[in-house]
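Presented below are the structures under discussion, each in the form of C-alpha cells.
Each of the two complexes below includes subunit A, the first together with subunit B, the second together with subunit C.
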Partner chain A sequence: MNIELYKNLENSFGVTSLEVKNRNQSYIRVKKEMAVPLITHLKLVESYKHLSFFTIIDQIEKGEFELLYMLHSYSRNHDLGIIVSIERHETDMESIHHLWPAAETYQRELREMFGVEFPDSPGLYENFCLEGWEGIPPMRREFDTKRYSEDTFYKRPGRETNDPAKYMKEKIYPSEAETW
Partner chain B sequence: MEKDMERRLYADTGAPEGSPVVNPDPRTLGDSSNIQLFNEQLKLLNSGLTEEDRLNFCDTPPEVIKPFRGHWENFLNWARSESLWILGFGTGCGAIELRPLMTSRFDMYQYGIQPRPTPRQSSIFVIGGYASVKTMKRIVRSYEQMQGPKFVLGLGSCTINGGMYYDSYNTVNRLDHYIPVDVYIAGCMPRPEALLAGLMELKTIIKEGRGEGANKYAENFEWYKANQKRIIKDWNMPDYNW
Partner chain C sequence: MVEKGCANLFTRSQKHINDNPKLPPIVNGRAKYNLESGKYLKIWQGPQHPGITGNMSLELTVCGDEIVDCKTHVGYLHRGFEKLMERRKYMQCFPIVCRIAVPEPDFNEYLFAATVEELAGIEAPERALWIRTLNLEMARLASFFMWLGGQSGSFGMNTQGQWTVTMRDYILDRFEELSGGRIYHMYMIPGGVRADLPSGFENRLLDTLKTCEKCLDDVELTMFNNSIFKKRSKGLGIIHPDIVDEFGITGPNARAAGFKRDLRKDEPYLKYDQLDFEIITGIDSDAYTRARVRLQEMYQSIDLIRQILAKMPKTGSFFTKLPNVLHWNIPEGQIYKKAECTRGEYGYYLRSDGSDKPRRIYVRGPSYTHAVSLMERLCIGGNISDTAGLMVSLHTYPPEVER
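So, the complex of A and B:
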C-alpha cells in the first residue's frame, strides 16, 4: 500500500495498524464511527471502486466481531481490507448499501448468520439461506452445532469416527505407528 | 416490536468468557407432539396456509392402495421395474453422478431408466447426497406430488447417517425419518457403477413386491409429518401436496 495514502487516511480518519501482506494486499483498522466515511472516501476519491466481499470474523475471546470490508482498486491493482471491531452485544452497524447495492445481500446474510443488524438496509429480514430459523444465529461461535444436530435430527446408531491422522499412520505405516 | 425482541435475544446470548455453551432446546422451539394434523372429519387442517389458499388445495390425507395378488401384480411389478423414470431434481452434490450415468459410457437408458422433468411423470426420486433443511421442504413437496408406486434412492453417505455433515445444523442425518427410502448407496461420492448396482437392487426389490414406500408413507403419515414439521419451521405449504 502506498505509504502516503496511509498517512493521509491516518490523519483524516484515524486509521491504525497497517498490515502489509504483500505488494497487492494490505489491511487497516478503523473505529466503528469512521468506517463508513472512510469507505465512502476510498470509493469516491481513492479509486477503491470494487467491493470484493464483506464478511464477519467472530472474535469470541475478545468479545467482539470483526467486520472485514475488502475493497479492490483496478487502477492501483491493490486489495485493501478494512477491519472494524464492534462489540458482540451491541450489534448495530451502519449500512453501506448506498455505495454498492450488492452489499445488501451481504448484510442480509450477516444478519441471518451472525445477528448483526444493519438498519435501513433493504430486505434485511428476508430469508437468505435459512428458513424460519429460531434462536442463536448459527455462525456465532457460542452456537454448538454438534449439539444442535444431535438434539434436532435423528442419529443413526453405529457410526464410527476415526481421527484421520492416527488412522492414516496405523493403516499406511503399521510398523512405525507404535513408535510415534 | 418483534425485531426488538429478536435483538434482545441476540444481545442476551453475547458471550461472556467461560460461560457454558447454551443452545435453545429445539423440542421447546418447534414442538411436534402438539401439532394437530386432522380435524373431526379426518380431513387435513392445512394450518400452514391462509384461509383463502386452503380452498385451492386438497385436504385428503394419502390412502393405502393395496397391491393386487398373484400374476397380475407380478406383471405390473415387472413393468414398473423396467421403466424407472427419475425425477430430474438434483438435491445435492450427488446429482452430478447422474450425468455420466445418462451418457454413453454407463448408459442407464439400456435398463429402462430415464430422467423426467416433473414429479407427476416420474416414479423414482434420487436424493443426491446431503439434504439440508431448506431442500427437505422441496423434497417433501416433490415426493408427495409423485404418483404411486414411487421409490426413493438414497445416494451417498449423507442420506444414511449425515456423512461428513453429521454435526451440521442444517443437514438432516437420517433421510428415512422424513420420507421412506427403498435403497441406500453408500459412498462419498459413489461411482456411477455403484449407482447402477443400486438401481439393479431396486429392480429386484420391486419385482419381489417389496417396493411399498408410498403405502408405508400413507400408513405412517402422522409420524412422517411430525418429523418433517419438527425441522421445517416455516411450514407455508399444504400438509399433503397433492
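So, the complex of A and C:
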C-alpha cells in the first residue's frame, strides 16, 4: 500500500495502524462509524473492487470482536485488510450487501456463528449451516466444543481414549518424554 | 440501488421474463410470487442427488419446467474445521486441513503450510518448492478430470465420465506412490514436503500424462463437438462481465468472461514465475465457454507438469528441520495467503496470538460465492433439466462453503 493513499485515508476516514506485510498485502484499522464509508470509498474510487472475504476474529480477552474485510484491487495487485473493532456486547454492524450482493452470505454466516447482527441484510435470519441452534453462537471463543459434544452425545461402551498430547510425546519423542 | 442493477444483468432470466408474461417479476434480484396460487411448485434438488456436486441442496420453485426461484441450502457437511483448529496445536491442524476439499486437498495443505512458514519465518528448501508446484499441478489435473466427468454426465453423456474418472485414478496412483494416500495426501507439511519423489517416479508420471492427453483428445472429439452438448450448454448460465466483481467470481468462471486473471501469473507463488504459460480466457461466458477454458487448462496443466519435471533440481533437501512441534509457538501476527485452484482463488487467513494454537484460521473457498449467491441468481429463468449442468459448470464444491 503506498504511503500517499494511506495518508489520504488517514485524513478522510481516520484510519490507523498501517501494517505492511509485503508488497501485495497491508492491514489498516478504522473506527466502526467510518468503516462502511471507507469501504465504499475504496471500492468506488480506489479500485478495491473484489471482496476476497469477510470474517470475524473473537478477541475475548479485550471484550471485542475484530471484523476483517479483505479487499483486493486487481489494478494495484494489492490485498487490503480493514480491521474494525466492535464491543462484544453491542453486536450491531452496518451491512455491506449494497456494495457486494455476495456479502449477504458472509453476513448470514457471521450472524449465525458469532451472533453479530447486520440490520437490513437480506435473509439474515435464515439458517446457514446450523438448523434450530440454541445457545451461544458456536464460533465464539467461550463456546466449548468438547463440553458440547460430551453433553450432546454419549460414549460408546467399552471404548478407551488416550490423551493426545501424552500419546504423541511418547510416540514421537520417546527420549525426550521423560524430561518434560 | 446496486442490487437492482445487478438483477438486470442476469440477461437470460430477464429476457425469459419479458418473453413470458406468466413468469413472476423479479424484485431486488428475487422473484415475487404467490405459492398458494397453484401456478408454482416447490421441489428440492439434493442433498443426495446425482446432479449435485456434493452434499448440498437447491430449493427450487418452478412454474412448469421454468425455475422462478432458487435457494441454496448448505450445512450437510459442516464439521467445524475452523473451530476445531482453534483448539489444536499447529501440527495437529495439519491433518485436518486437507479434509476441507476432497478433489484437491493439496491446495489446503500448501496454503496452511505457507501461512505457518511465513509467520514462523521458516523457508522451505528449493527442491521442496518444486515438488509442491508439481503436486499442485497434479491435483489440478485430477480435479479437472473429476469435473469433466460430472459435466458430461449432467448433460446425459455418461461414457466420457467413465473415461475421465479412470484417468483421475491413474493420477491418484501417482499420488499414492508419492504420499501413501490416494485422496488425502497430507504431504506438504510446514517446512517442506514429507518425502522425496520415489525412484522412477518421473518416468511413470510422464507415461500417465501421455495416457491423459490421449483421453483429453478423445473427450474433445466426442464431447465438445457433440451437438447435444453444444445445444444444451451454449447460452446456459451466462455470467455478465459486470457482475464478476460484484459477486467475487474468480478462476475459470471469471476467465471465461474475458478476465485475464490468474494468481499463478498475477502474484506468482512457489515456482510459477519460472514456468512458461499463458492465461486462458474465453468470451461468451456461458457453460460451453467455461468448459472449453477448463479443457484448455487441463492441456496447460499437463504441459506445466512436463516443464516442472524438466526444470526441477534432481537432488537436494526437501525438508527444513522444525523445532519441537509439540511446543511450537508461532510469533504473533496475521497473514493471508492465496493460490489459484481449479475453481478460483483459494485462500487461508491465519491470525496467531503467539501461543502454540492458532487464534483464528479462515478458509476462503471460491465456491462460497459461486455456489450460494451466484447460483441462486443464475438459476432463475432456466430450465429445471439444466440445473445440474449449470451447477457443475460453476464447479461448486460444498465443503469449502461450510468448513
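The definition used in the following text is that the second predicted complex is superposed on the first by the 156 of 180 C-alpha atoms of A that agree within 3 Å, B and C clash if a C-alpha of one lies under 4 Å from a C-alpha of the other, contacts with A are read in each partner's own complex, and residues count from 1 in each chain.
Convention: a contact is a pair of C-beta atoms (placed from the backbone, for glycine too) under 8 Å apart; a residue touches a chain by one contact, two chains touch by 3 or more.
Owing to the predicted nature of the structure, the values given are computational and were not obtained by experimental measurement.
**Student:** Tell me the contact category for A:L130 with respect to subunit B and subunit C: first, second, both or neither.
**Tutor:** In the superposed model, A:L130 contacts both subunit B and subunit C.
**Student:** Counting only touches as set out at the top, which of subunit B and subunit C does A:R88 meet: first, second, both, neither?
**Tutor:** Touch partner of A:R88: subunit B, not subunit C.
**Student:** First (subunit B), second (subunit C), both or neither: which does A:P101 touch?
**Tutor:** In the superposition, A:P101 contacts subunit C only.
**Student:** Kindly classify A:I60 by the partners it touches after superposition: subunit B alone (first), subunit C alone (second), both, or neither?
**Tutor:** Touch partner of A:I60: subunit B, not subunit C.
**Student:** Tell me which partner A:K155 touches in the superposition: subunit B (first), subunit C (second), both or neither.
**Tutor:** In the superposed model, A:K155 contacts subunit B only, not subunit C.
**Student:** For A:P138, is the partner it touches subunit B (first), subunit C (second), both, or none of the two (neither)?
**Tutor:** Touch status of A:P138: both partners.
**Student:** Given the touch rule stated above, what does A:G115 touch, subunit B (first), subunit C (second), both, or neither?
**Tutor:** In the superposed model, A:G115 contacts subunit B only, not subunit C.
**Student:** Which subunit A residues contact subunit B in one complex and subunit C in the other?
**Tutor:** 127, 129-131, 138, 141, 143, 145-146
**Student:** Which of the residues in subunit C end up touching subunit A in this complex?
**Tutor:** Contacts found on subunit C: 1-3, 6, 28-29, 73-75, 78, 80, 82-84, 86-87, 92, 245-248, 250, 261, 266-267, 324, 326, 334-336, 338, 345, 347, 349, 351, 359-360, 362, 364, 368-369, 372-374, 377, 402.
**Student:** In the complex formed with subunit B, which residues of subunit A make contact?
**Tutor:** Spelled out, the residues of subunit A in touch with subunit B are 60-61, 63, 87-91, 115, 117, 125, 127, 129-138, 140-156, 158-159.
**Student:** Note which residues of subunit A are touching subunit C in the complex, please.
**Tutor:** 19, 21, 24-25, 27, 49-53, 55, 57-58, 68, 70, 74, 77, 79, 81, 97-102, 104-106, 122, 127-131, 138-139, 141, 143, 145-146, 164-165, 168-169, 172-173, 176
**Student:** For subunit B, which residues are in contact with subunit A within the complex?
**Tutor:** On the subunit B side, the touching residues are 3, 7, 9-11, 13-17, 19, 21-27, 29-30, 133-134, 137, 160-162, 166-174, 177, 227, 230-234.
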